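Chain lettering (A, B, C and D) follows the sequence in which the chains are written, and residue indices restart at 1 in each chain.
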């Protein structure tokens, strides 16, 4: 299969360009009988919409989703679901210069080589964060599907600009994650994060961070080892989000410094069910879900578009030059990435729940 | 596609169980005309063979590879390549107890649920590190293929038990990575790592660590965004290696704490080619290779099998009990994981190099 | 992968419903740099458009294609290409009755079971011939791609209502296939076919027929045996066209009655190239193209929608009843299937030409 | 995915060469808990074994299957199932000449081009009918799986050398299909077929024929339209059997000459279930199973290896020459193809039954 398609039984196909006609997604394999409306999708989409906050880009897109196929009388039909938003607030003029002078940290240069100069470079084209609007649409349907068996996905800003969120309870995360602009459920931490972002913006710079996501109530034994292990497939999809540079499950890199006796999650009985006393594994053993909360952390680099002058190459002459990156951008992608991570985790789990025969 | 199959154009199919008849791999899609012998594969296989070192398991497997199809008169034919090793030094008796009392940190419990009690539990079955012998066989062929365009894969133990290797040059890594038991090219660090492993073993415990792997001379523009980005597909495959809990590219999680102006790799001309002044991205932008060295780090948890008593559940009565894990095991999987990481990176890149039309 | 997706390197995704918002197609994997315009696609689409002829349905759809992504400044970019036509002349009222009383010869009944009553039944939904508009769009792009290496696809009505076209030369087929309403390049035969169709229509009945399609200039050795042999993949795609019941290559079923000495195509030299004296194999040996014209014949059953009363079941009461099928329909689908068969053969060959590395 | 892999949830991977070490199959995705023994597979394999009959090749292969993974204590485990037979009675000397002078009707010439001369040509290599031994092994497991929901597959020689079998009842086919050497359940027809085969052999020639296969008790609604329709996927797999040139469902090409009113299967109630009065569709509507017997006919060309001198090319000099095909061969492949067709239909249906969630 080609690169814009993911999943086996809940298949997600991404399309659209940042400054093209539209961005969207096609889902094939969604079972019939799932109640889905444009409003359901819009709720999720509004969470990643630009132009809402002082910590994000000023590009003002209404981003009204249209469902063009696969839903009939309010329910999925089993046919392919095509959803898109039209691009409206497009200003492509500033991008003409990036054709020749690739922006540091962006895909301009390797994309030009790969697509032999035919790629739509405007606004980053297929490499823009804007394509994640399609991910969110797919995630909205996936969440509805997962809801059938009680699976819930919760993400939040775990760390921004080195400022870490303290350990929180599930209820606090659920209730608080969309209560502020930086999507951190702890108000005090959120305030610090916001300051750090604004400070970076003021200096024409950007900051990165970490989104943590958990999936609750996932049944035991979901995943298809060895190559479609639940962690394998999640990481693949998460690295498809622009700016992601690191993925870890449970204690992740920290567990590499523990001893086995500290890191192993010992089995206990709790409420008549097999549980583990700790959850260092992040709910994954041998690539299968354990029944404990699935916990994944996703590291985002600082946004590549900054207002500072940077060194680059003039590809027409193959000589060194410099660039000040044009366009309107996020000083920190983490807050808007929160609903994107939720969506991506949702569509991967939807696929695996179908593969495991837990829903049909 | 199902879980034991990965790749699109260089397809790897994993099979075999730890205590079954054999473990091995089938490759479909390898182009004709690649010179491959059993000796070529054996060299790689010997690097992960157990029973060689005081820092690893005492299971003594000869692990002589047999190529059963797809190679004729010393060259690949374009037909499926079937390779395997026969299991010989198998002692399955200690495993009978894990049927009922799952080992903490192992896949015993979710596997039993997923496969409804029919899975071959002996020695961990499909969840044993032993299946990575097949990965190494596939990697050996992939390396031959990649060699056609000069791509080279180098991995080494970057960190064990919290002991980190200092920054090394490529030559030092290439020459030194297999020069000692812990597979760390820096002799001083290697000595410390070895001590830490032996100390853990003495106390019936285990330690984890990090393998760093780089791919050199990978052409610009390899990868199939968005879902088969080069980092997406590498991370998927790397998380299929038992005990992996974290994957990061370039500066990884560290870059999340940098500013954009610190993290962006600025473009320069070097020897007539476009390069970047730094390589914080690890050679990946927008899911495409940049032409700089591809750098990935893979975090391994401490081995789950430890000699200490641990809490578990008797699944026949659903009551809490304890277990001392049976069998012969590695106190640290990292040294033997080094050739496995190389192999996995090799077969993913082989797939992508074919997908990009760089070899046919 | 799920059912609405086909291909490995030139991937075609079908979507849309007969009486929904739109029908269309998404292509992933088309290489960059192929010159494609909406006009190019429209030419092909116009050949299958309804409402043009007395031998076809009176549904009047303008069927103006829109390219929504993947084409920039007149060339493919390497990104997914989304194309669709909006449904306009929709009259869904007559279809309400088929929810309960499935039409003989149509998919109404098994579709209702498969999709548990949630499928969009209007106008047959996904099972309508209308979805082949998307096939034709994909075929239009595929033809452009194939044109790069000189491959040409030619189909025509080989037989309608038992009336067979005599053996014709390639030039006659190329020039004559779209010169009349029944798409048979032999004017005399065309006249007889037309009469047979109109006679069937007058009696409220329908007729079937056979489309023959050839691919010229296909290089030797295209196909991926054993399961993606060129004939395997073509037949799979051709059986996806509604009403197809039979597919044969070369002499097909007739060859089953020949002796080996009669059927084998003997090799000769012609113009400095290896050719065969006959082409009974239809240009396929062992699932690979031979360099001779690829010849496939596709059998279409008579259209299932007829004006006569037929027996069916009232599914709400599970009792026998009868139905007169509503809606506007073709008395013979063969003429409009000609461009569809061309398109399907084109997109399968485009996929295989990419898989064989003949274009990149 | 590459060419030697088929299926989505019951995945079949073919490997091995005619004169290599072995031929076999790997199955991934078979659910756990299916009772399978080597004896079960052997029964099926014995039906296609060479050297058993005067109407077939004299190559004497014992063909004892070995299950090398995926089965534990008599049941499938959910892990990949590797099965093979070792090649023993191999005489490769006569094949040296076909390297330079391709045999008419065989894949020698296009294979040499495709694999650039590296393919294992001995005995036809991957293009030999011998690889269907692997198909039969996969089919044996698939039949066990299908047996769980009562699906039964029955094939027989429907026509050989133009001699057609009269219409038979299901019981007669089930009981009689393996009761004679030509695998035709009608003894009188069988006798005529045998004579025709022997006569062809005597004259150094070969004959072709048609295998009919039906699947009984397949539930309604199996198939994944549009591109993985049940007929699409069956035809793809059937065209992967060497020598197949035509596939048709139900009345097939004959239905193209009927009127809609004659061809449509009208719905009736029978034993409380929805059935059709006729079964001209062969149990397929819109690519979904109808609940009626699925009926497919597969046309085999006369065996290409004949004892007569034929024209060919000396590829080393590119001049015309002649060849008398070496080796031991079947004068008619149809009888031995009967269990192969059953197997192929079985593994495609096993895949679709899993995809439809009817077994897990």
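By our rule, a residue touches a chain if its C-beta (ideal position, glycine included) is under 8 Å from a C-beta of that chain, and two chains touch if they have at least 3 such contacts.
Note that the coordinates shown come from a computational prediction; the quantities given were computed from them, not determined experimentally.
> By the contact definition above, name the pair with the higher C-beta contact count: B-C or C-D.
Between the two chain pairs, C-D has more contacting C-beta pairs.
> Work out the mean Cα position per chain and let me know which chain is farthest from subunit D.
A
> Centroid from C-alpha atoms only, then distance subunit C to subunit D, rounded to Å. What do you get?
Their C-alpha centroids are separated by 26 Å.
> Between subunit B and subunit C, what's the gap in Å when you average each chain's C-alpha atoms?
So the centroids are 46 Å from each other.
> Roughly how far is subunit B from subunit D, centre to centre by C-alpha average, rounded to an integer in Å?
The mean C-alpha positions of subunit B and subunit D differ by 39 Å.
> Which parts of subunit A, given as residue numbers and ranges, touch two or more other chains?
1-5, 8, 14, 114-115, 126
> Considering only which chains touch which, label the overall pattern as line, ring, star, complete or other.
Here the contact pattern is complete, since every chain touches every other one.
> Quick one: which bits of subunit C touch subunit D in the complex? Just the residue numbers, please.
1-6, 8, 12, 14, 102, 104-107, 109-111, 113-115, 126-127, 131, 159, 161-162, 200, 205-210, 220-229, 231-233, 235-240, 242, 244-253, 255-269, 272, 274, 276-277, 281-282, 285-291, 299-306, 308, 310-313, 315, 318-320, 356
> Which residues of subunit D touch subunit B once you look at their complex with the stated criterion?
Where subunit D meets subunit B, its residues are 1-5, 8-9, 11, 13-17, 20-22, 24, 26, 28-29, 32-33, 68-70, 72, 75-80, 82, 84, 114-120, 125-126.
> Would you pull the subunit B residues touching subunit C in the complex into a rising list?
Against subunit C, the touching part of subunit B is residues 1, 8, 357, 360.
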